[in-house]
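Per-chain numbering from 1; labels A, B and C assigned in written order.
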Amino acid sequence: MNRLGVHALTRRFGGLVANDSISFDVPVEGISAVIGPNGAGKTTLFSMISGFLEPSEGRVVFEGEDVTGVAPERIAARGLVRTFQLAQLFQNLTVLENVKVGRHIRTKAGLWAALARPAWARREEAETERRARELIAFVGLGDQADARAAALPYGQQRLLEIARALAAEPKLLLLDEPAAGLNHDETERLSGIIRRIAAQGTTVLLIEHDMKLVMNTADRIVVLNFGRKIAEGTPTEVQGNPQVIEAYLGGVETPHV
Amino acid sequence: MPTLPTTISTNAGLLLRYLPAVLAVGLIAYAIVAGGHFVTLAGFALIYAVFVTGLNIFMGYAGQASFGQNAFAAIGGYASAVLTATYGWPPIPALIVGAAGAALCAVVIGYPTLRLRGHYLAMATLAIGLIVYEVTVQWQSVTQGYMGISGIPPLGIGSWEVTSDRAQLIMLSIVVTLCMASAWLIRNSRFGRAIVALSGSEDAARALGVDVARYKLAAFVVSAVYASLAGSLFVHIVGFVSPEVFGMHMVILGFTMLYVGGIGTITGPLVGAIVINLLPETFRGLKDYQDLVYGAALILLLIYAPGGLASLGNALKRRPSTPIPATAPKGARP
Amino acid sequence: MFDLAYFSQTLVNGLSVGCIYGLIGIGFCVIYNASGIVNFAQGAFVMLGGMITYVLLTTLHLPMIVAGSIAIIVVALLGVLIERIVVRPLWDRNATMFVMILATLAVQIVIERTTLILVGDQPKSIPVFTDLPPIRIGGVSIGYQTLWIIGVSLVLIALLALFFQKTLVGRAMRACSINREAAALQGIPVSRMLALSFALSAALGAIAGILLTPTQFTAFNVGTPFAISGFIAAIVGGFGRPFGAFLGGIALGLAQALAVFGLGSGLKNVAALSVLLIFLFLRPSGILGAAK
């Protein structure tokens, strides 16, 4: 069974076709990636999958259920969680609190629980605290738990965003250009983190610009160009595909690995 | 406290941070001991602290704008006044009815507008402030119009009433402590984190499953209940209510207090309320100039000290390289 | 019994006050389009238009046309001043929307209170522009001031349409409303457009205030209710569409008139807010759809 099915997804903005009948499946196992040159329609595709943008045509099927046009918070509650191209942290919260917000859909304490603090809510909060600290340590931000999120350098903000998304225990994690703005070492570390996430049973689908990260990390790649899918396959297959080489490099050389 | 900025590490910094709160408590304690005119002023400051604490939950935490908090105070105040003075109810049930009315009104206003961009709610709340004022003037059979309602009994349970100035001040101190404690409990909970989160990025909050519209509405209702409570306290302490009590000046005063004390902090509302009520007693004499001065002060604070007076102290100590933490996230402007 | 003459009279009054709401609503749209700011001090311009005209008429005994023109220019300059000393610093700091709303609301309060101190709290009125008995059509009497309001509003709409479509500055302002970043890249001085939008919107507000004052009155505190009505007009018209806002104003004026006819005059503002809430509930993008 597939985690995610994208069926003939189309999005038009006025006369512009940002996504033209894109179809592919994301299997439960492993890491999938969507690549393509700037303006290929990758972010539009992600926005439609995660419910932030209504498709003009086509369907999104998550875990065998049609989630086309479902509100983002409901899609998240079903276990599909995304990150953003420009890290969108909660600036007025600490690093730890940011990750705790990630536990939102896995917890249920409301206003009354906040005021009365019954035993179950205290247990829930303790569990939230424990999980959040685990995840912060997992992405290597353990010693910065109580810093304000806005005070982190950019590379660490990206890692924090991933920790926050993982706190929701997603079945499918969508990462929108997670390596954007990271240096070489940070990208290496990110690649390792993504592989460990996938190894723990979370399906990962990422959009990426950084070819090195994709080729080293992804098991399957979908290539977009001008809003259309032009290739799909393993990293090796995609690298050898003449259309991909053409799209990426104007046919001059093969993609660097 | 989890909202501690990382830039403060020294004991001196901590001292400076808590100094306003310590002074605030000291002033109230002095008022209880000293008595007299000072007690009345301290009492108003504490009532405003309740009002501004509610405002802070909606504006400081959830990052939304409401200009109609005076309407909720009026609903609470008039419910208490009419039910106790005219119908002879005990104060506590009257107060609860007022709070329920304010909450209901907040739902009616907030549900359609909070799904949309901020200025819709801002304008709708500005309108409800004017409308409630008009209703209190026009609905003479109940509110007695401009004449107002007098003879409102002091707060109390059964035959036990809080009558002396000092006893009232002690009672208000307890109420304010409870209000601040509940604000702290709200802030440091799943609910509180969700509303602070959505003020940072609505998209990111939704992507994590936070029902943004619902949480904004809940924060709005909570702030309305605080305002209603402040309105009820006011009429019981003063014993009189008229439409002018809950005019637009209440909103501007509330905002000024919030910005003076520090928006988005637990103690900010109390500090702001005390500073604005106790220190510029000279301004209070010149009633016509009061709103003018507060309006101008608010503009200056917004431009030059967006984090409140407390943040001015921080700005002096901060290393030049560290960016000034925004009281609310940047880029939220449409 | 249903009184047709009274009913028609109510509608005519609603139409003329609706034009005023429309002009105020356009003022909101002009600033919003140039900057994304909702200017909560819009009502102050309306109040000042009538108030300054009154002061010039009574103290300097200027002719109406001169007094009115000076008032419009003064208010427009005040608009630029507000933009320079309050809005611009916040804009440069990239302040949030609610800080901007709060600051402009504080400006409204400052202007309101200053006016109160300078001229007192008594309502003021100015004479009608044409002092002739009203025209009677059937049982409906239409005052000349009503004709002035409707006529001047329509002329202003036509002029604005020309301005936005034919002149370079007007087209530059429209470009800013479509995409500020792109407009800046094209070499349009976006910040000057912001100042200009405040001037234009303040002038529109002042004109609305001058037109209206002879039929009602002006006082230091009339601004906010007018701002709210103008804002509702802008929403009903689909926020950011100046001509939609004018239609929205007329719709609101008529709806209020009907509410007054059916329910009595105490509920005028309640009716306006109900229109707002119902609209936001059913069709938040306005009659014509949102500008974006």
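Please note the rule applied: a contact is a pair of C-beta atoms (placed from the backbone, for glycine too) under 8 Å apart; a residue touches a chain by one contact, two chains touch by 3 or more.
The model shown is predicted, which means the values in this text are computed figures rather than measured ones.
Novice: Please identify the chain lying most centrally, where each chain is represented by the average of its Cα atoms.
Specialist: So the chain nearest the centre of the shown protein is B.
Novice: Please identify which chain has its centre, taken as the mean of its CA atoms, farthest from the centre of chain A.
Specialist: C
Novice: So the centre of each chain is just the mean of its C-alpha atoms; given that, what is the distance between chain A and chain B in Å?
Specialist: Their C-alpha centroids are separated by 40 Å.
Novice: Express in whole angstrom the distance between the two chain centres, defined as the mean CA positions of chain A and chain C.
Specialist: 47
Novice: With chain centres defined as C-alpha means, what is the inter-centre distance between chain B and chain C in Å?
Specialist: Distance between chain centres, rounded to whole Å: 31 Å.
Novice: Two or more other chains touching the same residue: where does that happen in chain B?
Specialist: Where chain B meets two or more other chains at a single residue, that happens at 326, 328-329.
Novice: Taking the touch rule as given, give the residues of chain B at its contact with chain A in the complex, in rising order.
Specialist: Going by the criterion above, the answer is residues 2-6, 182, 185-186, 189-194, 196-197, 199-201, 203-212, 218, 222, 264, 322-323, 325-329.
Novice: For chain A, which residues are in contact with chain B within the complex?
Specialist: For this pair, the touching residues of chain A are 50, 52, 71-74, 76-77, 81-84, 88-94, 96-98, 100-105, 107-111, 113-115, 117, 124-125, 128, 146-148, 150-151, 161, 164-165, 168.
Novice: Which residues of chain C touch chain B in their complex?
Specialist: 36-38, 40, 86, 89-90, 93-103, 105-107, 109-110, 112-114, 116-117, 224-225, 227-228, 231-232, 235, 266, 269-270, 272-273, 276-277, 280-281, 284
Novice: Going by the contact rule at the top, pick out the chain B residues touching chain C in the complex.
Specialist: These residues of chain B touch chain C: 59, 63-65, 67, 108-109, 112-113, 115-120, 122-124, 126-128, 130-131, 134-135, 138, 248, 252, 255, 288-289, 291-292, 294-296, 298-299, 302-303, 306, 326, 328-334.
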